[in-house]
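Both of the next two complexes hold subunit A, though its partner changes from subunit B to subunit C.
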Partner chain A sequence: MSNRILPLELIDKAIGSPIWILMRGQTEITGILRGFDDYVNLVLDDAVEFSPDPRDKSVILKKELKAEILLNGNHVAVLVPGSKGPDDSLASKA
Partner chain B sequence: MSLIISLKMPSGKGSKLLRYIEHRLRVSLTDNRTIVGTFLAFDKHLNLVLVDTEEFRTLRSKKGGGSANVIEERMEKRSLGLIILRGENVVSIAVEGPPPPSGGRVVAGGPGVVKGVGRGAPPSTTAVGGAPMGMGAPMGLGAGPVHGVGGMAPPPMGGPPPGMGMPPPGMGRGF
Partner chain C sequence: MRSLYHSSRKQEKLTESITMSSEPKDSTKTPAEQSAAAVIENKRSPADFLKAVLGRPVNVRLNTGTDYRGVLACLDGYMNIAMEQTEEYVDGQLKSKYGDCFIRGNNVLYISSPTR
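Then we have the complex of A and B:
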């Protein structure tokens, strides 16, 4: 029996609630977490992608994917459970 | 104590990291990001759980065209709160500082837990003790997700008081 909460258990607890994924690079995705596996491949509902405009990197484009998506865990860097994304109040720029 | 650790983390790397639980860590990632947060948990992949997390990115943009090769460096800082960091992306971990006083960690709990009431033993014990129950797959899934996430934050808050916040007391309390 573990003494502490393992990282993957924490993701498990976020199932059904919003989650904010920071990918390697600058792309970020938010959505409702439906499920995941050991590789941290993720299934997200109502996913919204935030990625920098290729022409002007300081502009962030918001793309609503409007579907259930399977996100490959290969490029996942950080998961923020309970957050609705970069516009969330907690994530306001300091 | 050491027995438990060696069973759990055969590499021995675990015990070195365990020492820094509750400390502030600075983690640099493969994509030039730096994450600073209070270290709560890890696993064999070096996946990390951090609270009160801040992300730092240096964005480089060329300013002025032609011969004027001025590269502007902008440090962008964001507060992320409670995060899970994938071990795959970890390049290095440095200890930024000692465990912060529990008052400083209240923020990460989100809007719902503004008060640092968790200093007393009972809430902390229930929170820490209750969480591992989610380990069994059915239990974990069964637990209300929203509550689960909300429930995550209190343990750090109610965790070991500053000063004595070393892993052993914290772990002993959990079980």
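Then we have the complex of A and C:
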């Protein structure tokens, strides 16, 4: 028996709990993780999107989608299990 | 045509995974029973989601930030999408309406469907 944890096992453990997703580019998304597949396409509940305002890129807009979403795995860069997003992270305290 | 085919090879694998579902293989259960079991477990794989949203009103966000809202007529594992009664929103402003529209899957950032 090994104690190694594979990356996808780590994501599997996060199912049912909040997750924070950093996309390629500036977009970030949080929500409750419901499921995923081998390509890290993600199903999220109560998703919230943080993306730059198209008129002023220095302003980040928070948009509550109030919906279940299927997020394309192509653009996923980093997953942070257990975090509710930028507002709630160590980053906001730093 | 040939180069288009090759550029979509990666997407092809995606289809396989979605159509085959990521649930553990259990030859004694039909795919329907497996996805029912997944719902009981409160897990929803991308494949389950795709089945559930057919025919429902959805909002599709593209990489460019453009939104398309309409009734989802048809979609596949590439996330290629056919929609009806489509409204196109650029920077949140309604730009135009289409009776039918097709969106190539590589442009799709996410598909959202209002929770019941």
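By definition in this document, the second predicted complex is superposed on the first by the 89 of 94 C-alpha atoms of A that agree within 3 Å, B and C clash if a C-alpha of one lies under 4 Å from a C-alpha of the other, contacts with A are read in each partner's own complex, and residues count from 1 in each chain.
Please note the rule applied: a residue touches a chain if its C-beta (ideal position, glycine included) is under 8 Å from a C-beta of that chain, and two chains touch if they have at least 3 such contacts.
Because the structure is predicted, anything quoted here is derived from the model rather than measured.
With subunit A as the common reference, the superposed partners subunit B and subunit C fit together side by side. Which of subunit B and subunit C touches more residues of subunit A: that partner is B. Contact with subunit B, but none with subunit C, is seen for A:Glu9 once the two complexes are overlaid on the shared chain. When the two complexes are overlaid on their common chain A, residue A:Val43 makes contact with subunit C while staying clear of subunit B.
Between the C-alpha centres of subunit B and subunit C, as viewed from that of subunit A, the superposed structures give an angle of 130°, to the nearest 10.
For the three-chain overlay built from the shared chain A, the minimum Cα spacing from subunit B to subunit C equals 7 Å. Within subunit A, the residues touching subunit B in one complex and subunit C in the other are 15-16, 25. Subunit C meets subunit A in the complex at residues 13-14, 17-18, 22, 38, 42-50, 53, 59, 63, 65, 79, 91-92, 106, 108-115.
Within the complex formed with subunit B, the residues of subunit A that make contact are 1-17, 22, 24-25, 33, 40, 57-58, 73, 76-83, 86, 90-94. Residues 15-16, 23, 25, 27, 29, 34-39, 41-43, 45-47, 51, 54-55, 65-72, 74-75 of subunit A touch subunit C in their complex.
Listed in rising order, the residues of subunit B touching subunit A in the complex are 4, 8, 21, 29-31, 33, 35, 40-43, 47-49, 54-55, 59, 61, 76-86, 89, 110, 131-132, 134-135, 137, 140-141, 143-146, 148-152, 155, 171, 174-175.
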